[in-house]
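In what comes next, chain A is part of two complexes: it sits with chain B in the first one and with chain C in the second one.
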Partner chain A sequence: MRSLTARTDAGTPAAARSRGGRAALALLPLAVLITAFLLVPTVALVWGSFHDSKTGAFSLANYSYLGHPLDLIPFRNSLELSLASTLVGGLVGLLIGQAIVSSRQPLIQEIATTFSSVAANFAGVPLAYAFIATLGNSGLLTLFLRSNGIDLYDGGFKLYSVLGLTIVYAYWEIPLMVLVMLPPLQAMKRSWREAAEILGASRWQYLRSVAIPILMTPFISSLLLLYANAFGAYATAYALTTGFVSLVPIEISNLINGDVSYDPGQADALAVGLAVIMAVCIGGRAILERRSTRWLDR
Partner chain B sequence: MSRLELIGINKRFGDQIAVSDFSLTVEDGELVSFLGPSGCGKTTTLRMTAGFESPDSGAVIVDGVDVTDLPPNKRGMGMVFQGYALFPNMTAAENVEFGLAVRKRPAAERQTRVAELLDLFGLARVAESYPHQMSGGQQQRVALARAVAIQPGVLLLDEPLSAVDAKVREELRTEIRRMQVQLHITTILVTHDQSEALSISDRVVVMSRGAIEEVGTPTQIYAEPRSAFTAGFIGAMNEIPVRIVSGAGGVVERGGRRVTAPGAAGLVDGDLAMLLIRPELLEPLGSTGGSLNGDLTVTGRVEVQTFLGATTRLLLAELPANPDDRSVLPAARRLAVDVPSATAGRWPAGSELAVRIPVAASRVIADGTAIQPGGHA
Partner chain C sequence: MANDPLLARIDELSGAFTDGQIDRRTMLKRLALLGLSLPAMNLIVAACSTASATAAPGATSAVGGASAAGSVADLTSLIAAAKGEGDLYQTGIPPEWVNYQAIFDLWKSKYGITIDGTATEGEYSSGQELDSIKNTGKPDVGDVGIAFAVQAKTQGLSAAYKNSFWADIPDTAKDADGFWCCNYWGAQAFVVNTDAVKIPIKDWKDLLDPSLKNAVGIDGDPTKANDSFFAVWSAAIANGGGVDNIQPGIDFMNQLYQSGNLTAARASDTNITNGEVKVAIKWDYLGLAVRDKAAGAPNITVTIPASGSLASPYADIVAAKAPHPNAANLWQELIYSDEAQLLFLKGYAHPIRFDALQAAGKIPADLAAKLPSADLYKKVTLVTDITKITAAQTTLGTGWKIVVNS
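Right after this comes the complex of A and B.
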């Protein structure tokens, strides 16, 4: 009877409350983290964006940039740069990921994963200087090519431009794509291809009807992650262009740090716009991931 | 003309022999099972039949045509994979339709065929469901329907029931057989489950270490195994050491008794041999034994009772009947004795029990062809 009683106790409301209390306690550090580093800054950001930074009065003036094409240039540049680097990183990363999976060599997969993990996080000032030393006006590769009759800069290339930034961003976007696409690529079952094949399908029919539809969801989801990643990048772009290319994060920085253009309220409004774009990307990715998980056992 | 012929198939993976000199003829409408432990080469043989692997030598013939060098999509075969391999982005109906669609059959024909098959397999209710929304049994039915939709000349089933629970497995294997007979499809079933193979096959191919050990009907394989491996692998089997007294006369000796036993003829006089007998054929005599009439007996102590439903298995540790005998003849290992569960209470653990060994129902094999571990009772 004692054991029966013990089992019954485990299902009582009091026991359930106790378990719930312990679970809440375990989540407390996460709750503190989210509150301190996400909720409070977001609320402060939104609050600041709707108030005049000099008078403190409620105002919509900080959002006036939405009505002025010139003021939207940072957004346009950021959108274009993010789109270009996402497409380059996404497509190249997908091909590399597929090549790694196709190799069926655990050692290659391990090395590739390790390298991708490092490269995907190698951004910021060191990366910018590495590219300046390689592809800058007097970079090693630039000089080498010049000595062999190929002058990149005469051909119109500039590292300190949106095109240059796209190349630099691709440096971490490609390995990031490899990292996020490897699990879905590895989860593709060989038996799907074989089942299609024995049912009479050609390779193209299998790709069109089975593989591409299954991989499309994680692929788009990964592109959204890459896009958000590129859109929010600041240090690399600033170090490379010293702020001369107008991007949203750089404009926000100028509005906070600038001697001439100091306007924290407008910086908040730009940051809200950036946050909305990031939220759309991350939210879209979360929705797609749920669907992808149902199809691919990962 | 036979529907499928596998002639002298050999396959190696590096230094490992996967399949060795495998030859088999399968008649039209026959269901043949490849049965054996993991790594015995049964799936490799099936994959070579399907065209997913190429044999190092040998030929695959379908309806008299050599298809050895044809790709899988040109062989006209259907296959159900272990784990089903349903396309997760398609509904049940779309999965069934896939083979017809890639063959560019007219839409009306496709719809009719899909509806027929969904009905045949009891899938009409889940026609618009995706694989992740279906139970394991439903997914298995969809995989079967998809495989037969293209009206294959040969249907290949690679452990199709390994991913479903025991009850569903029993239902589905009956359903597979019903479908196979109804559609008259020549079928190869790969399984490591002996009850599955014995219950639905016309013939069973027992495989070991890449080679065919034995081919026969389920009854032949179970009741008259020709090899020690088959005897041990199929069902529970007791091994009782005996000595060959007369190889010419097929006479063996144990416990001072000499009897004529099947399989003993031709063995070497004086050699040790193994008498094989199924647990359900041993007859309890009570605690003291009784009239033998040309049979042998073993006396032992009941160690464990295992309830199996209608029967209960008694595990018997043999007691030496004659200490002198022990010095020349090793004792039997633990013996399994199946008794009706209604009477099992007579022999509780610790009690003594003598059992008759009906020698006519046993088979003697030379010692040294030992049954693989795990195959014993």
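Right after this comes the complex of A and C.
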């Protein structure tokens, strides 16, 4: 609909052409970037996944993992971990985001935003060690709880498990959710609520008929972003579990770095599997994004 | 016979030839001057060569410089020749690694010959070392992983030299033709935080004790890291396997993991000192170093499993095109000498001549007190067979997937 408006604005067909030409020129750097860092690697990945690493001949053998239950466990672990950390991060992040907006204190909003950007990027080995020191078998919190009669590890908890990783992933998923949800939450107009109240709507009716329908699309699209983010993460999980919890990114790394199981072709095939999941997430987000901007744009 | 001048002269020449002071051509020329017939000369030379071969198993220096025969006379001429070259270029020998700095110092104070290459390629990995030997032609000597020592021989990158201590070195730790020789090794050990672990940890089965929940750790992913790969492999020894069969080691680790004793936390220095890993299975020299670093906080002991464990050696090679062949050979003489071998031990690397030094009572008591007992080391098996290493890695590749995914 917008492009339609743009075309009428452009006036004569000649003017439209020249404007189109200039726009194309401006897009050139992006096009180069996408070609070099997205299209070329993707093509190479798909090509490699259909060829035997040793002989170079065409082969479907790299995809044999799809038929082996043991080789699908990394996918199951990755899916579980991503889903759990997305739900935790998404719900907690949404509540915190709403609390920040409701506070109407610019200082709090600023501090929260700054903290969120830092925390959302705190990952990898430092984060792993921070969690070992806190929630590890000899971590501060674990020892404190133990001295108070609650033994997490006797209760079956392990930091080095899918559950443990979920908590660690939530550490950056929550602030990421806060960051991506703040704009739509801030865009919710006070007048909508006031209008609903004047018309006699209860708090619940306002939520059900106004707030939730509007926020649903940005919320779901944020969840998809969180999900993709968790699915692709590698460094933190590896530093924490030294491979004991097998995840797709860790398996891929084993196949391209490992002395033992070196097979780049199979790594490509796993990466294609990963890419399909990521593409579904990001594609879904893009579709929803388009729908929600209709509501929130002014 | 001694008063027969001809025989005395032949004796003298034979001695010089056997000791390597004169070469075959000079020997023949001088014998001819004495008026001997050709068949007679050949007989004498052949007799000397046999004597030489038995007296000195080495003497196959490919470079044609001084040959090693282990006699003082030879060492003296080797030192003189090395001093004439005036320099030694090393690759992949970092000064801070296994006390090499002290060995460099010993070399300089003993022979006054400079050491080159430390700053540029001291930190090279084994693969880079071989590349440097092949492409630059600069290095004289290198310190490489065992697989690379074998590779260097097949690619013709190394020269043969048998040091004077050849007889002390186990057959599995040296190339029969002298193209490489292992100088020190590390063995898998139990590194125990005795502040946290109250039961004695002496052997593999002790690791299954129910009090060790989440306490036992290995140093990384065994499909990636050599240290933990050898930890899994070593566990095979006590469980019916060994160098030829890693599977029982994988099964034991699986049992340990399923029982909840094996933690996924990596047995890194940090995780050992902060108590996250209370019993680490890792290289003895790394464990001894972290014990010293922790200095009682926590208290750490390092022991070799009673049923035994596996050891992985480093090997020395002399470059085939060494610009300073005599210095390279002299370096071999130095690093296998009692003095340097004890310096390796001081850096917690287990010198290859440990047993000989031990038998001769040459290991100082204060140094021995810092190490696991020498008796326990008798159960350690040195792994040098490349085909067996590859086979174990292949078995682990599929076997480990089952451990972590079950």
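Note that the second predicted complex is superposed on the first by the 268 of 298 C-alpha atoms of A that agree within 3 Å, B and C clash if a C-alpha of one lies under 4 Å from a C-alpha of the other, contacts with A are read in each partner's own complex, and residues count from 1 in each chain.
By definition in this document, contacts are C-beta pairs under 8 Å (C-beta built on N, C-alpha and C of every residue); 3 or more make two chains touch, one makes a residue touch a chain.
Just so it is clear, the model here is predicted, and its values are computed rather than measured.
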Clash or fit, chain B versus chain C on superposed chain A: fit
Which superposed partner A:N137 touches (first chain B, second chain C, both, neither): second
Which superposed partner A:K189 touches (first chain B, second chain C, both, neither): first
Chain B or chain C, by number of chain A residues touched: C
Chain B versus chain C as contact partner of A:A57, first or second or both or neither: neither
Partner chain in contact with A:K158 - chain B first, chain C second, else both or neither: second
Partner chain(s) touched by A:S246 [first = chain B, second = chain C, both, neither]: second
Touched partner set for A:L30, first chain B, second chain C, both or neither: neither
Closest Cα approach, chain C to chain B, once both complexes are overlaid on chain A (Å): 47
Overlapping contact positions on chain A, where the chain C interface meets the chain B interface: none
Chain A partner contacts - residues on chain B that touch it in the complex: 50-52, 71-73, 75, 77-79, 81-83, 85-90, 98-99, 101-103, 130, 132, 146-147, 150
Chain C residues touching chain A - in the complex, by the definition given at the top: 196, 213-215, 218, 220-221, 223-224, 226, 228-229, 257, 263-266, 270-271, 274-276, 393-394, 396-397, 401-402, 404-405
Chain B-facing residues of chain A, complex: 189, 191-192, 194-202, 205, 209-210, 213-214, 294-296
Complex contact set, residues of chain A against chain C: 70-71, 73-74, 129, 132-133, 136-139, 153-154, 158-161, 238-246, 254, 257-261
